[in-house]
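Multiple structures follow.
The two complexes that follow have chain A in common; it is paired with chain B in the first and with chain C in the second.
After this line comes the complex of A and B, so read on.
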């Protein structure tokens, strides 16, 4: 944990954008004016830029929270209850953006997925579009079994089948339940372990970003970027696969 | 200039309160009878006037068909939602009610929507505040149960507007309570608010951080409260009466209301005593007598109290907290006076809950704090900021009747989501979207909020239009939708049909009609209109004096008019519209000849070759008879 903390980026709100404040004319930050504090009209942005962050994955939770609180004080509609309707509208837009951005960035998985989406990744296995398509065509959603789980999943499916039959007949197989509990524990451990693996990819990604920021962008071949990106996509797919397995086991175990 | 006063209102199922921040302390504003609580009971008296609060409570017993209570349970709900309520509460729905229509409740021979009935309560609170300040009150913060959905919130906002109040914010009740506590003890930490009121239950978990009140998770049941305990006790007693005395009084509304009153008193007494004697006289001279012990009461109420457990556990789970990680627990709502409730909360959180502030008043006090913050704040509130969440997930119906969630529950508001839609048929120019609120998988199991028609899509082959729809939940927890067709850049028109809501026009009409039901308001309106009319005639007279027509009057005539003028000026200072009207009529009579002369001179000067404007008839004839006096039907 501490290793990642070392190169976690701290959030600094209020970096000037080079744009002028509509109210006082001073240079301003993205969402509010650093000089007079007024809310600014919303402009297209992504969640990282909104917090003044580069597109890196190690984010210091404490400083993100502090930035969220500070920006809430600047942008929340309560602050503009007596302001012009224009400012009220901007405050509504900006504070919803702030809340959406904070909600996404504070959650490690949502943050990773969001960054990957910015990088053009579409999550086949999980996206709503894919779910809709599967429903429309009546086909099973494509879920690739992660190779290292193949054997385990095969056995688990047999056990689940048997357990479901037992349940239907009203029988209880203590041994089988015990085995399922054991499998669940293993899966849960694997699931938890993925977080550590993910963090190592974060570090790889952030290192690439740092190099790109330091030198010219040619310093980082596209291949390198896409390799880390693919590893993260693969991990997230595995993660959702395991989560579904755990859910299936829980369904059977709960009477 | 006097600072504009923004009041905080707790519009409760059983009682309502209005509060205001005086200096750095919120206080509850009492009514004329000195009581802080206004019972949320509304009655239409035989003279056709609306009465609210304690006076209305009498009607509940004497003329139950002219009174209504607990109408909060019906806010934002449709006919098909309220079957359970109708079995338990003596609500009389209008006979001609259609499914999908906003409910209408009968009071005597009239019927009113739930927002109108709530507006009568709000109007009473507003009057109490105006009496206290000696100045008009136009803006308010109103509290709602945290677990209220969009329709229930919208209905509450409508009620405010019908009562002539600009609702600056809807604040969740448990959150408001935390503000009142937070003002007292400036602490950082994690707080749980357990709010069991007359008709609703909420649990909210907040993080307090240097004046920021951040709600982490909320849960609840908008149909669970002291009312349910009362109804259960009534049902048990009615069975008991039939079994014991062989009389069925279920259909005798008067007896049922008397029984209800006696049982509520017993319930309240049992919070401080071990047993109470219940006695009720029945028609035919029979007596129903029972001694109820606290143990028996708790045994009967336990299933209802237990229903609060699962929302508490869900809120903790959503907050990703263990009970041990909660630093403080705050009790809100009258039903938390029940010792068994306190005990249960203690067990759930493994700590003694806070009860320092009056559980009936703490929500209104918190609303006053929020009102103060919105009014620009004061020394006491300058660092305080409330970050609340939406209690229910927002979703849209996808293929196969399933719900695709687009904003998850417990998201900090304002919150937004953007979705893209397209067409399925070539040349299709509109797309229907069904918006829902709730946690269930299937659309039919969730609360339908609205059906939108995205219209005005340029005709294109199927699947080509790309319509971006933005859903935004504002700080009141109310949904706003906007849409744009991205390929053509055209704003798509949206017609929103709230599933059980009032249109803006309906709300405006209700606002006007509501004047007629409150004697005080009606009289006030008559005075105001009479004064307006008096001012019109006086300024016309002033203008007439400067013209040549005035000189043509005899000195007697001029003296008479002057006397009538003084009389009107004097009488219009008073609040008696009838004498104002009489004085207007007199002056009207006295100035008839002046008016005729002025008309003549206007016409003749026009004939002297002057243009119409130069003839000084530009704003119509400057005579004391600009238009016919307004007619009043009383």
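After this line comes the complex of A and C, so read on.
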């Protein structure tokens, strides 16, 4: 596995979908026809294909943004003010799809979660599923994050509660505030570390996609894909705790 | 989103908040989390070694109103039950009692996890001395 692989994919708008334009019958892209340029009815598509992207996680932010603005102009309902009512409606629908797709893909976390959902990961139900399994088998449920992290989160929440209480009473506990400042730094470092770790999984994932795209699909066992997928899910779970803590510590320090 | 009256009641007036001595052999501690929202919940039980009845239960939860209500209710429910009876509590029972909406089901899951984790911890501490796992002896008297 090439860990050094971090080639961000650039976005080329108007990658053909293989379907025909309703107007000229030529090849169409997800949002408009590449031949005649007319807006197309929204087809069921995922956000990656909407931008003509493969399902890879390194995305070049600059070219995504340029594609977004370019497509925004092309699809803007104003452009279709004098077009048929169906085209007006499509341009509205496509514009809103474009906004959703852009908002999701430009954010590293939202993008990763979105791809994992496309890959069948159910974030909402994962804890419940593990509980159901534990109940049925009479075994101890394995927590989705390590116990040490839960311990740390719990202790820190106790501290934050104390700090909030102090502030309410108008008391200033210098030692506690100092500790929280220190904690804030540690948490930020931990958060940054998680993001670096996430990027290394992106690279693993994209390398797999590249090998699959090269036609060598037998060379990518499902096992390998699911292993990277699981690592990302695990990381995103840990991240939600750290993110909450960063938010709460900041809130207490700034109040 | 509007909370049900029962959730509000437990939230504004939570039962059994606090902690027990986690080093005591009679005490089981469960610390669990819900990755969906980043909530953490600690639930502790004190078990009578003779009768296996849970005599005392305490909790501390950092999370939303539904998570606090779920754990508050869980401590009320486990008290007075035997360990095995407490294991029968399901998250769906909590959902029903508190009328939790679908988006808050994970809070009830967290409470069930906490009960099971606390009991698991207690069992680990008292492993060999657990009569429930030696039914052969109990039958021998028949």
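Odds and ends about this structure:
Following the convention adopted for this analysis, the second predicted complex is superposed on the first by the 202 of 255 C-alpha atoms of A that agree within 3 Å, B and C clash if a C-alpha of one lies under 4 Å from a C-alpha of the other, contacts with A are read in each partner's own complex, and residues count from 1 in each chain.
Simple rule for what comes next: contacts are C-beta pairs under 8 Å (C-beta built on N, C-alpha and C of every residue); 3 or more make two chains touch, one makes a residue touch a chain.
These numbers were taken from a predicted model, which means no experiment stands behind them.
In the superposition on chain A, A:145 makes contact with chain C only, while chain B stays out of contact range. Touch criterion met: A:100 reaches chain B, while chain C stays clear of it.
With both structures placed on the common chain, the touch criterion links A:154 to chain C but leaves chain B unconnected. Once the two complexes are laid over each other on the shared chain, residue contacts for A:69 go to chain B alone; chain C is not touched. In the overlay built on the shared chain, the residue A:82 is in contact with chain B alone; chain C does not reach it.
Comparing chain B with chain C, more residues of chain A are touched by C.
The residues of chain A shared by its contacts with chain B and with chain C are 128, 131, 135. Residues 168-169, 209-210, 212, 214, 370, 373-376, 385-387, 398-400, 402, 404, 411-417, 472-475 of chain B touch chain A in their complex.
Only residues 69, 72-73, 76-79, 81-82, 92, 95-97, 99-100, 102-103, 128, 131-132, 135-136 of chain A touch chain B when the two sit together in their complex.
Across the interface of their complex, chain C is touched by residues 123-124, 126-128, 131, 134-135, 140-141, 143-145, 147, 149-151, 153-154, 157-158, 161, 236-237, 240-241, 243-245 of chain A. By the touch rule above, chain C contacts chain A in their complex via residues 31-38, 40, 42, 60, 62, 90-91, 105-106, 109-110, 112-113, 116-117, 120.
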